[in-house]
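Submitted below is the structure of interest, expressed as structure tokens.
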């Protein structure tokens, strides 16, 4: 039996705390599941939607068939650190190459750098996630090299040790690498880069540069 | 040293190139100091306290005095001890970083002992003790109340709230201002015929006279050490000497020299850290300059503290200058 | 039996407050630390507490949980915080107990299901104790979590209360605690008023408990009003500065 709910009905809670300002605080009721869907910074309990962060209330309608999404945009009080989630675009640095997988360390998530470098998130790119075609003919050493910076997408949370990343799209792959002579490589084709100084060509799985 | 920033090779090169041309990332010259903010009397339950802030570095210092017995080998002196603690903002504690395995073996911080907060705290505490509390700076005899019987035990606790370069400098300033802010309560010790028998911890009978402490702040005497030296840290970056470094500059410095200077510009103690070696002629120049800078720092600190006066707890004074 | 009157016949306590009045509450949300993801500083009268929050970040291998996040808490009482200076180790019973209380309280507050395989660390430094340091620690952690943008169900507000001279008094200072008597610590969710922390170790009648409990809840409400104002001010300032 939920004793507390009987003692303080939902309406009563708002009476004690009239909304003074455009910002919402955690625990504030902001809607009902019949009117909105919960977005980021919002949680649902017993049919009502509550804020779980401090910030501005945002209501977005993506298409007319579904209910609008209500979310709480963090006012950025101190900047929240980023956790890789499925579908996020990450920048990772390659640490180790094996014939069937590439190990890397995740450096930034959706453009936000990871500040705590003592215990970084690890990711792996499996053979089948490097590119979508000719999977059986992939040679890992021709796609990546250690210390390359790679743009990848998080496919799944993977196992307890690392996230599963994928570069199987045109704009994913190596964004920055150093040649064997130590100078930066410039992208030429989807599978080739050229050293800026010595003009030597090296094979990589290159990300399509955004214009 | 405690460097909080990780720099990429490009950033490092940028910083070093700037230093070679006499400029730093924040626009200062190599000899320019950042302003300090000093507050005293912020912790009412202590005998003396101060907080020193300088663009990120934040140090809190608290002094507590207690009546105890003088040390057996120096029966006419008091005891002063410094204890440094790094807050979780500076170094999240070793237990969480090292993992549970380190607890089983009884070691703190596991293999990364040099990075754990406790290692740094002990190192800084010992360093500060050597630099700022040498016998010539502190008259411990004045801390003795009754030889062989009673003496003041002074505990200086420093809490490092934020480290952004120049940590030792800030800590020495904090200690100096906190001790200036400290008053020793006036004590009257009972006469010989009032001595009471008392059992000490060893079970040995020892007679101790009763003592009366006058807790009123106006009845106390100021702490008898008005010239605690101030630390001035210089770093060597690409054979140039950089003063009052930020944390990025500290991580680029190959070597660092910390000089403890008293109000007459005399060098009381020197400590060198870092892997590189320093050229002797350069070092001599550094010592001379450190003397001048230290005197300036002390003069400004004294001027600010004189303006503060007593009985005004939270009044701030900006302390800033340029070392020419 | 102490001869001191803790509540005068006119209804004033030794520091001039009324029995249901909390001490001056000052806080700073954010801007206290450069490294931590969230930080806060709380002053309740003379009691001062600092809290830092790190996270969410990758959990340590041994502690990682796949269904929800891991919360850790570490408390440090500064040697100069109490009247008698005492250097406490991190494994001191009092500090470990307080850390456990705080951790359990916030495990019910943070939406840990959103932080699978991640870890959130809370650190508390108590700079000065004049009674109510546990409540100050909890309030500081709450503000630091808000500052870090961690998803929480509701704000957790804590306050202490006692019963002296036949009346319940809230937010006791050290002198009032030393008089003996009840010391009740309550940690309450601000809006739902669900109790997350309750600590008391005295022998009292249920009627006395009821009075003290209700007085404490009312005090928590007052505290929350002060806290919310501070949080809103900081957030508004940041929104406008963008």
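Chains here go by letter, A, B and C, matching the order in which they are written, and residues are numbered from 1 within each.
Quick note on the criterion: a residue touches a chain if its C-beta (ideal position, glycine included) is under 8 Å from a C-beta of that chain, and two chains touch if they have at least 3 such contacts.
Labels paired with UniProt names: A = S1 motif domain-containing protein; B = Ribosomal RNA-processing protein 42.
It should be emphasised that the depicted structure is a prediction, and the values quoted were computed from it without experimental measurement.
Just count the C-beta contacts per chain pair and the biggest one is A-C.
Nearest to the common centre of all protein CA atoms is the CA centroid of chain C. Seen from the C-alpha centroid of chain C, the farthest chain centroid is that of A. With centres defined as mean CA coordinates, chain C is found 31 Å away from chain B. Rounded to a whole number, the gap between the C-alpha centres of chain A and chain B is 44 angstrom. Centroids built from CA atoms put chain C at 34 Å from chain A.
Among the residues of chain C, those touching two or more other chains are numbered 39, 54, 60-61.
For chain A, residues touching at least two other chains, in rising order: 119. Counting partner chains per residue, chain B shows two or more touched chains at no residue at all.
Remark: chain B residues 4, 43-46, 49, 56, 60, 62-64, 66, 83, 85, 87-90, 92-93, 95-96, 99-100, 155, 157, 159, 161-162, 164 touch chain C in the complex.
Residue ranges on chain C touching chain A, taken from their complex, read 29-31, 37-39, 54-58, 60-61, 64, 66, 111, 115-118, 146-155, 189-194, 221, 228, 231-232, 234-236, 238-239, 242. Interface residues of chain C facing chain B in the complex, by the touch rule stated above, are 32-36, 39, 46, 48, 50, 52, 54, 60-63, 72, 74, 76, 78-85, 87, 90, 121, 123, 125, 127-128, 130. Contact residues on chain A toward chain C in their complex (touch as defined above): 4, 7-8, 13, 16-17, 20-21, 23, 25-28, 41, 43, 45, 50, 52-56, 74-81, 83, 115-116, 119-122, 157, 160-161.
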